[in-house]
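Labels run A, B, C, D and E following the written order; every chain starts at residue 1.
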Amino acid sequence: MSEPVVSVRGVELAFSGVKALQGVDFDVFDNELFAVIGPNGAGKTSIFNVLSGVYRPQQGSVEFAGTDIRGMRPHQIANLGMARTFQNIELFENLDVVDNLMLGRHAHLGYGWAAAVAWFGKAKRAEVANRRRVEEIIDFLEIEGYRQLPVGMLPYGIQKRIELGRALAMEPKLLLLDEPVAGMNGEETEDMARFILDIRNELRIPMILVEHDMGLVMDLADRVMAMDFGKPVATGTPHEVQSHPDVIRAYLGPVDEATLAEVQGELA
Amino acid sequence: ALVLTGCRSGGDEESSAGPGITEEACPDAVNKDNGCIYLGVISDLTKGPFAPLAVPITEAQKAFWNKVNEDGGVGGYDVNIEKYIADAEYNPEIHNKKYQEMRNDILALGQTLGSSQTLAILEDMKADNVIGVPASWNSAWDFEDQIMQSGASYCFEAMNGVDWAVQERGVKQKVLAIHYPNDYGGDAAAGVEAAAKANNLDFASVETATGQDNQAGAVAAVLKQKPDLLYITTGPAEMATILGGAAAQGWKGTVVGSSPTWNPALLKTEAAPALQAMYFQAGPWGPWGTDSPGHDAMRKALADVESPSDGYTAGWVWEYPLLAALKSAADMDGGVTRENVVKAASELESVDYEGMLPDESFNKNGEPNEVAWRQSVISKVDPKAPTGVSITKEMAAGPTAEGYDYTEPCFALQG
Amino acid sequence: MTTLLRTTPSTRGRKSTGVRGRPLLRTSYDQDLTLANTGAKRRGVVALVIASFVVPFLLTDDLLQVLALGMISAVGAIGLNLVTGYAGQVSLGHAFFIGVGAYTGAVLGGDPDGAMLGYGLPMWIWLPAAGVVAAVAGLIVGPLAVRLRGLYLAIVTLGLVFLGDHIFREARTITGGPGVGRRGAELELFGIDFASMEPISGLTRGQAQFFLALAFLIVFAILGRNIARSGVGRAFGAVRDRDVAAAVIGVDLTKYKVMAFAMSSFFAGVTGALYYAVIGVFEPGAFSLLLSIQYLAMVLIGGVATISGSIMGALFIALLPRISQFIAHYVPEGLLTVFQLEAILYGLLIMGFLIFEPRGLFGIWTRIRNYWKGWPFSY
Amino acid sequence: MTTFLQSVLNGFAQGSIYALLALGYVMIYKATHVISFAQPALMVCGGLFAYHATSEWGMSFWPALIVAVLLGALLGMLVERLALRPMVGKPVFTLAIITIGVDIVLRILANRYMGPDPRSVPYPSGSQRLEFWGLSISQQRLGLIVVTAVTVAALALFFRYAKTGLAMRATALNQETALAQGIRVGTMFALAWAIAGGLAAIAGTFVAATGAGMEQNTWIIALKALPAIIIGGLDSIPGAVIGGLAVGLVESITAVFQPDVAPWLGNNFALVAPYALMFLVLLVKPYGLFGTKEVERV
Amino acid sequence: MLTVKNLEVVYNDVILVLRGVSLTVPEGQIVALLGANGAGKTTLLRALSGLLDIHDGAITKGEVRLRDTPIQGYDAPKIVAAGLGQVLEGRRVFSEFTVEENLRVGGHTRRGGLAEGIEEVYELFPVLKERRKNTAGYLSGGEQQMLAMGRALVAQPEILLLDEPSLGLAPRIVGQIKDIIVQINERGTTVLLVEQNATMALSIAQHGYVMEHGKIVMDRPAAELLDDEDIRDFYLGRGDLATSYRDIKHYKRRKRWLS
């Protein structure tokens, strides 16, 4: 494979007493769908927060698109091309769908406050052009019907989709998805899976996926990293990781050798 | 009905005699056959800092004109000062708005309270030919034709207070002026300074803010400077706090305050003993309990007032010049009109104050240096007097005031 | 996350006005983005413009002055709405910025021969300059907003009002000091003296000032609207609703918070300069906590994060003393004097309004609009 | 040196008033996340209750204080019930503006009662002063400090040990979730307002007992507690006390020394010194000295 | 026993969300309520526990009875006092409180034995014990979900309404939650379980309802629902794990019982 898009080395993150991340290393390559799994509190979201600059790790290095981004502020990292969705929906709930998506295009607007105040000319042209891109995303995610509604009143599943749309609107070089199908029923999960596949195949954006739905992870991911207590316990293809004893322990709790073999057998 | 009367309709509001005066009788008129003169009041009646004073002032002015009406009115008119009363909360902006509301309906302003407030409407008053009675004793008004002030200004009052203290209380070394940083305090402080210079006293001044809780600096200044005379121009509560605080920490001396520093209710507070021992008041005329025909008339007219205060006295006295101007306008060609009232006011050389002030104390006909009134009285604390103070030195001007070269206001209001 | 202006933190979704508008057909994004983007809105604007030209010939000068001042303060309210309504940074310091503007205007445009400092510059200089100086003050304060949240920020900005009051009281050559005050700037534009008592080409002073204020409001309302509908306004909304998420999608929080303060202060500055030029004389006490609160009331009563709401709110607050005066005269005097009644009614009306219509005048307006949109079919 | 110590002592006494008022703000904030601008009016009313009890009902100081506290608490509850309860769940700044309306209404009524005269409540030992080490303090100031200390201790214990204290804070954090735990949100609000009303009444009574008593402009004192609560941290009881005392001290010391030490700061800088202190504290601690940090994670 | 008859709920006076919902939760049972996003499940729970008005919602028709007492007029604290507890959707921990304070607030209505109640929760979720002094808002998503569940358990309600308790939990914890529900049910607590994880819900429920656009469209024993083809298709996704997500080539057409 070529140069990694993201390369994380020896990241350590602690909060007064809690070690959220310890010695985390991984790379994500072009056009790869990289999944992170692990029990609750393992540190998955913390990895996302480190990547997007919300948390500043005490140790280690994070390289993204050839830049060392450790210590950079979130908006700077975003402008380098990193986009994400959140575990708890973080939409701008008083704004309508179009505005939420337009905000995804904030870095692409390319006009400043003076042009904004004057409006006619540059600002207006930029708004129209970017609005066109947003409409494409609206089509892509099939949310035409909700365009002008404030997102706060939309059903949960739709909100998740809009959040994905907002991230896509950024035209990212890397997309981070934090539990995109939590709280969705089977059919909605399938829809989301389809979107993820389309993003991968048509838009060719590399992704990191955090998800508890093992079926989805194992089906979609190219590589998986399993974590426990802030540490990666195994990284590899879905199949490799799935049968790793530490992973099974992390997911099922302490098991004896016999059950372990049994589970491994079942999985194989 | 004021919102509704905002319509531009012309017609009935402008009567034959000009704005603020009608041939029709006043609402609830005393003399049904008289026409009606409307006077406006823009005061501080609810939330503003001077509400405690302004309410009695306004009450007294209502009583004053009611008595005028009972005596037959002026030149065939009753005078109404009740219909156009506005509360401006001591705010120039609201003052201006209120004036705009009443400007076509009044003949003159029976009261306009506050200096910057009055300044905010002065140009319009001039354009409208409206004269006004201020609710203050500011030296700046001695230089304004359309403002009719009674008694000596704060500035002369302060000079007289200091001169008196030097003569009667043995003040020899140092005088400290504690004052509000405004037209009132500033005017008085200028007078204190002039008198200190004339009497060869050390002079210092401290600006203080409103609020009892904000007097720590003033108290500290008294304790540090140890003046033998303290001249205060603040509100009553502030004065009591300063005096009480300084006395409690061992300061002894004489305190003279302008009349707005006094409220008889202070005698019920913990500062009472200190007040009795040290406080004197410099005032433009005798307090409520003074014996004069005017005072008698006032006390009779305001018989059912619960707690008398010298706010009433002031409100009452201030109206005499306006009455005099109306009377003399009534005798002019064209009778009572705004123009004639303005003219009459500027030509007045004396006013019948019914003994509350000497008649010659009001004189607008000449340079202020010649005609401005410079005499005041000194009162002492007297728990038996209705307003807690009674005269200790009758109306007189001290040497400083006598010799003062009065070519400009002691304290410049902006021009 | 600041929840000061949003509902209390209780819902995942937020309540909203609900009724869905009918899908209105647009043929281009361009149309979608224009100011009056529906037929109804366009008709409304035309009606408003006509009304504005008729009103001055129907009302007396004193009411026109109230309306003119209301329109001028509407610009300040739009400014406050930008920082507080749109960007969610609650400011109790608006009075300070208004004061900075008022004194800048008065100094630059004031009488050079008066008792206070004055340079006698023309209005087209002093008016924008007042805005710029206030905006610079806003730039200095802005960074505080980055560190502080919610009510902490609110009280800190309140501190500005007190510090400002101190400075205004002490800078006597500029302000005249308490109880004295100074004159505002000369109100003269294109050779027309708007403060003159003489009729100005057939118009009374009240009418002339009304038109001046109207023009001023229209210009700044459009500027405000431009900010609101552009990327800047959206970024404000993002910062308000969820600042972490905003940063993660590329919105520079510091930059936009500071920008919100600067822009809002600019509006406050021009308002201050013009308002007190019309009033004539003003003193430092004018820029007190009470003024800040009045502006906050305009924003809340008008409707948070709407330009037209700010205007309605400002006019409402401007007319409120008249309204309470009107009602007070119908209540028999008894325990309270008519003035005390008036003052109490002022308080009660503000309370009553917010209790019964927490979404503000704009909310009422939306409801009426939605009703008519659906007419004769109701949902 | 004595001057300094004396000004510290004076500041401490004045600071006790601010501390009581600050506690009132903090109580309401703790239960509702609203800053109540009605506190000044509650203070004035509380002082007047005590005045009425002493001058009309002939009570002596301490019983009158208790009456004032009870009536103050009742008034607080009444205000909450009539003006604030209908607004449960509405944006807190709307509520803050409503409290301003309440303040206007109550203060006008209080002014109506007061009239032009200052109203003072006689303190048992009059203006007697206690002298020690060259310092002096009046009896009622001493009484104030003691009462403040007792009140603070009582409140602190209440919040520490009574489950109502926790429930009140929970209500402020999230009304719906609190309701779902069976917490009577309305009762919590009423309780907070009652306590705030009672605290304001204590402050008001002592204000009326010192200096020239309670008059129409005295309400302004209550605004001094605003920097105090920020310095201490909006939701902290010890913070309110320390903030209140700090404001009192800074004010008193500045008033005495600034005119000589730093005259360039202008006249009456003491009035804004608390705000200057507030800025300084916030530069270091954005949530005041003891305020709870807002939790935010994604 | 909780019965709902013909319930109609409106938000903001205009948005009709529940259109005549009737259902019964018999004493001592576990009843599952399924439905797509936005079907109105949470709204129904709000209506039951008196939390509608905080969302500007109101019951406009119908009846809710708890053991024969109509409770639709009650406010939330009164309903909680009557023994109805709820785990709100989306965790909703008191983020500025510590874990332990959250649990103590949960026991607000409990009479005595608070310490033991909290200790029991710690036994169920050892992570919470480790984090007892930590600020709840900083917990991970799943930890917060456990806390929300624990908080409801401290109150020992007779009837417990659970709104998506498994949301965001790792499979192992989902299993644990499932066991806990069964456990408390065996101790006598009646449970109404709203879940997207239909397999889990139906595997422990006796009865199930399916809600669609504010109406109950299916009302059957859980076992039957588990076998229903439409339900499998819609809620359980790819039927019996036969196909991979990768093989989904088109978006499914929504199967609606109503449309």
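Operating definition for what follows: a residue touches a chain if its C-beta (ideal position, glycine included) is under 8 Å from a C-beta of that chain, and two chains touch if they have at least 3 such contacts.
Here the structure is a predicted model, which means the values were calculated and not measured.
J.: Which chains contact both subunit B and subunit D?
T.: Touching subunit B and subunit D alike, sorted by label: C.
J.: Measuring between Cα centroids, what's the chain most distant from subunit A?
T.: Chain B.
J.: Which chain has its C-alpha centroid farthest away from the centroid of subunit C?
T.: E
J.: Can you name the chain whose C-alpha mean lies closest to the mean of all the C-alpha atoms?
T.: Located nearest the centre of all protein C-alpha atoms is chain C.
J.: Averaged over CA atoms, how far is the centre of subunit A from the centre of subunit D? Could you give it in whole Å?
T.: Comparing mean C-alpha positions, subunit D is 49 Å from subunit A.
J.: How many angstrom between the C-alpha centroids of subunit B and subunit A?
T.: Distance between chain centres, rounded to whole Å: 76 Å.
J.: Can you give the whole-Å distance between the Cα centres of subunit D and subunit E?
T.: Computed from C-alpha means, the inter-chain centre distance equals 44 Å.
J.: Just how far, in Å, is the C-alpha centre of subunit C from the one of subunit A?
T.: 42
J.: Two or more other chains touching the same residue: where does that happen in subunit D?
T.: In subunit D, the residues touching two or more other chains are 89, 104, 108, 111, 173-177, 267-268, 271, 294, 296-298.
J.: List, in ascending order, every residue of subunit E touching at least 2 other chains.
T.: In subunit E, the residues touching two or more other chains are 54-55, 90, 138.
J.: Send over the residues of subunit C in touch with two or more other chains.
T.: Answer for subunit C, listing residues that touch two or more other chains: 6, 10-12, 15-16, 18, 169, 244-245, 248, 340, 343.
J.: Using the touch rule from the top, collect the residues of subunit A that touch subunit D in their complex.
T.: Residue list for subunit A touching subunit D: 45, 49, 54, 86-88, 90.
J.: Quick check on the complex: what are the subunit A residues that touch subunit C?
T.: It comes out as residues 52-54, 73-75, 78-79, 83-84, 86, 89-95, 99, 102-104, 106-107, 109, 111, 113, 115-119, 123-124, 126-128, 131-132, 135, 148-150, 152-154, 156, 166-167, 170.
J.: Show which residues of subunit D lie in contact with subunit E when the two form their complex.
T.: Against subunit E, subunit D makes touches at 88-89, 163, 166-167, 169-170, 173-185, 292-297.
J.: Mind listing the subunit C positions that touch subunit B in their complex?
T.: Against subunit B, the touching part of subunit C is residues 57-63, 65-66, 69, 114-116, 169, 176-183, 197, 279-283, 285-286, 321-323, 325-326, 329, 337, 339-340, 342-343.
J.: Give every residue of subunit C touching subunit D within the complex, in rising order.
T.: 1, 3-11, 90, 144, 147-152, 154-156, 158-159, 162-163, 165-167, 169-170, 244-245, 248, 289, 293, 296-297, 300, 304, 335-336, 340, 343-344, 346-348, 350-351, 354-355, 358
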